[in-house]
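You will see subunit A twice below: alongside subunit B first, and alongside subunit C after that.
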Partner chain A sequence: MKIVCNGKEREVKEGLSIEALILELELNPDTVVVECNGAIVLREDYAEQSLSEGSVLELIRFVGGG
Partner chain B sequence: MLFVNEVPYRFRQGLRLIDVAGEVKPDADLYIVNGHPSSPSAVLSDGDSCWLIRKGEKPPADELERLLYARHTPGVHNKVKAASVGIMGLGGLGSLVAVALARVGVGHLLLADFDLVEPSNLNRQQYFIDQIGEKKTEALKHNLERINPYLRIDTIDVVLTEKLIPELFKEVDVLAECFDGAEMKAAALRCVLGPLAGKGFVGASGLAGYEDSNIIRTRKIRDRVYLVGDGETEAKPGQGLMAPRVGVAAHHQANQVLRLLLDVA
Partner chain C sequence: MLTIADHKFTSRLLVGTGKFSSSRIMKEAIEASGSEMVTVALRRVNLDDPGDDIMSVLDRKRYIFLPNTSGARDSAEAVRLARMARASGGSDWLKLEVTPDPRTLLPDPVETLKATEILAGEGFKVLPYMNADPILALKLQDAGAVAVMPLGAPIGTNRGLLTRFQVEIIIEQARVPVIVDAGLGAPSHAAEAMEIGADAVLVNTALAVAADPVRMAKAFAMAVEAGRFAFEAGLGRAQVHAEASSPEAGLDFLS
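What follows is the complex of A and B.
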């Protein structure tokens, strides 16, 4: 199915979870902030919340140092 | 109406700084008008804000506080004095953000860090050799009081978590995310997009090494929510954190905090 991630269209497996998508992108879920269809997703919901056709995601990934 | 060392003074056409000095502070040798050094022969305009200073003189306590802001853009001080800023993490970013905001006179600072000052901090953090082993909260508070004793400074020395942040920082106007770790950076942003929505926020990601300073940007994420850094340059073996570039990011943060407090961001 098609989703939009940071403005770019992406083809993903049906029912993919947010956590699985983050891992597919080779990122650490703890370092990523997710908004799905405009709503912030709680960290504890990453594994349970599944994406649907046309989901619009904004991901912000943080790197360490400060 | 003019203000001379913050005291009202009657304006008249053609009045020069030197004339005012003659009446108010004849031994002045530094003349500042509207936050900028000026010649004593400068002609004043109605509404000007002037500072007359004698270099090297330690002013009486009541005048000292006003003199600390002589070089400020007029109008800034009153706004920031009434503001409250939280700084999470007092390392390379947080200690510098705290110093900048103390110098500009932010009235209330809430400083949080669980850690102690250690020698490897000194390549970038605003501490001194004689403070090694002290709590960062205490050492930094002490340093800030030496810069500006007119602020209210509160400290938190427990480990912050995503659950604790909304409780501890619910009263601040703006929150500065100055963590070292990427996980807490993400957690802090989740807090300000969730339970602390509405507060100003300036976070940071990507400020290591000695890459070009010009790729460090201040980026708007949401209304009143900003991220500073290049988003890429991670602190890791072979790419350390050093004073110059960390300082660029920290001052991007401090200026954006100021812009939020002054409602231009």
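What follows is the complex of A and C.
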């Protein structure tokens, strides 16, 4: 199925969990904030919450800034 | 000692983490600055470079992270970024920035006040970046800001404390700490802000663009301390006419 991740379309496995996607992208789940369809997903829900066709995902994290 | 929202700080220098040429230099500069609180921004993860993670460079136990809402153009965007910051960091500290005009990066006072009200209501420790407006400082304080951050000059300009007159009034009136943020380009600028009684200063560009950021960080740390000492010691009044330092008496032999 197709999702939109950080503004780009991405093909992922049906029913993929947010945690699985984060690991697939080689990111550290402890330092990434996830917004799914405009709502923040709590870290403890990463494993349970699965993506569906057309999910719009923002993966955000801290960067250097003033 | 500086206290912000019941948290005690030994250092009165806050530093930003942007624009450094490498993570290593940033880390060393922050160490040299002696700062206990560092600002960070929130951005999309670059999926082509997943290992580029500031959290793997800076020790969370050693520094308080002060996430900013840079990039927000109105209160709604700032609130959205603030909630993400809290989800990411698990802390309530927030440097609120609402800058609708990318050319000046001057803060929008109306949207900043609105966002401060919302976020303070949600339990955030809000430190709003603001223009050096004494009336606005009081309104932000009343809205629940735990400190106010008037600008010395626009972000990244290194022009110094151009707003001195207004910052003096803010310091005189505020009940919350006053942290001069933005535009301080030299240690002397930081010292000046501290001499007039600012509780702290925040610098980023001045360190990051220096030929030797680590040494510059040390220079700022010394200037902040010197300025604070001078404020506590009580500066003499400026006056127009000369007043001899050497005694007037005992010159009779010259005539």
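Assume the second predicted complex is superposed on the first by the 61 of 66 C-alpha atoms of A that agree within 3 Å, B and C clash if a C-alpha of one lies under 4 Å from a C-alpha of the other, contacts with A are read in each partner's own complex, and residues count from 1 in each chain.
Following the convention adopted for this analysis, a contact is a pair of C-beta atoms (placed from the backbone, for glycine too) under 8 Å apart; a residue touches a chain by one contact, two chains touch by 3 or more.
All values derive from a computational prediction rather than experimental measurement.
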| item | value |
| --- | --- |
| Which of subunit B and subunit C A:E11 touches, first, second, both or neither | neither |
| Contacts of A:E53 with subunit B and subunit C, given as first, second, both or neither | neither |
| Of subunit B and subunit C, the chain that contacts the larger number of subunit A residues | C |
| Partner chain in contact with A:R43 - subunit B first, subunit C second, else both or neither | both |
| Touching partner for A:E35 - first (subunit B), second (subunit C), both, neither | both |
| Subunit B versus subunit C as contact partner of A:G65, first or second or both or neither | both |
| On subunit A, positions contacted by subunit B and by subunit C | 28, 30-33, 35, 40, 42-43, 60-66 |
| Partner subunit B, residues of subunit A touching it in the complex | 28, 30-33, 35, 40, 42-43, 60-66 |
| Subunit A-facing residues of subunit C, complex | 16-20, 26, 39-45, 47, 50-51, 53-56, 65, 67-68, 70, 83-85, 87-89, 155-156, 182, 202, 204-205 |
| Footprint of subunit C on subunit A - complex, ascending | 5-8, 25-28, 30-33, 35, 40, 42-43, 58-66 |
| Subunit A contact footprint on subunit B (complex, rising order) | 89, 91-94, 162, 178-183, 185-187, 189-190, 193-194, 203-208, 221, 227, 231-236, 241, 246, 249 |
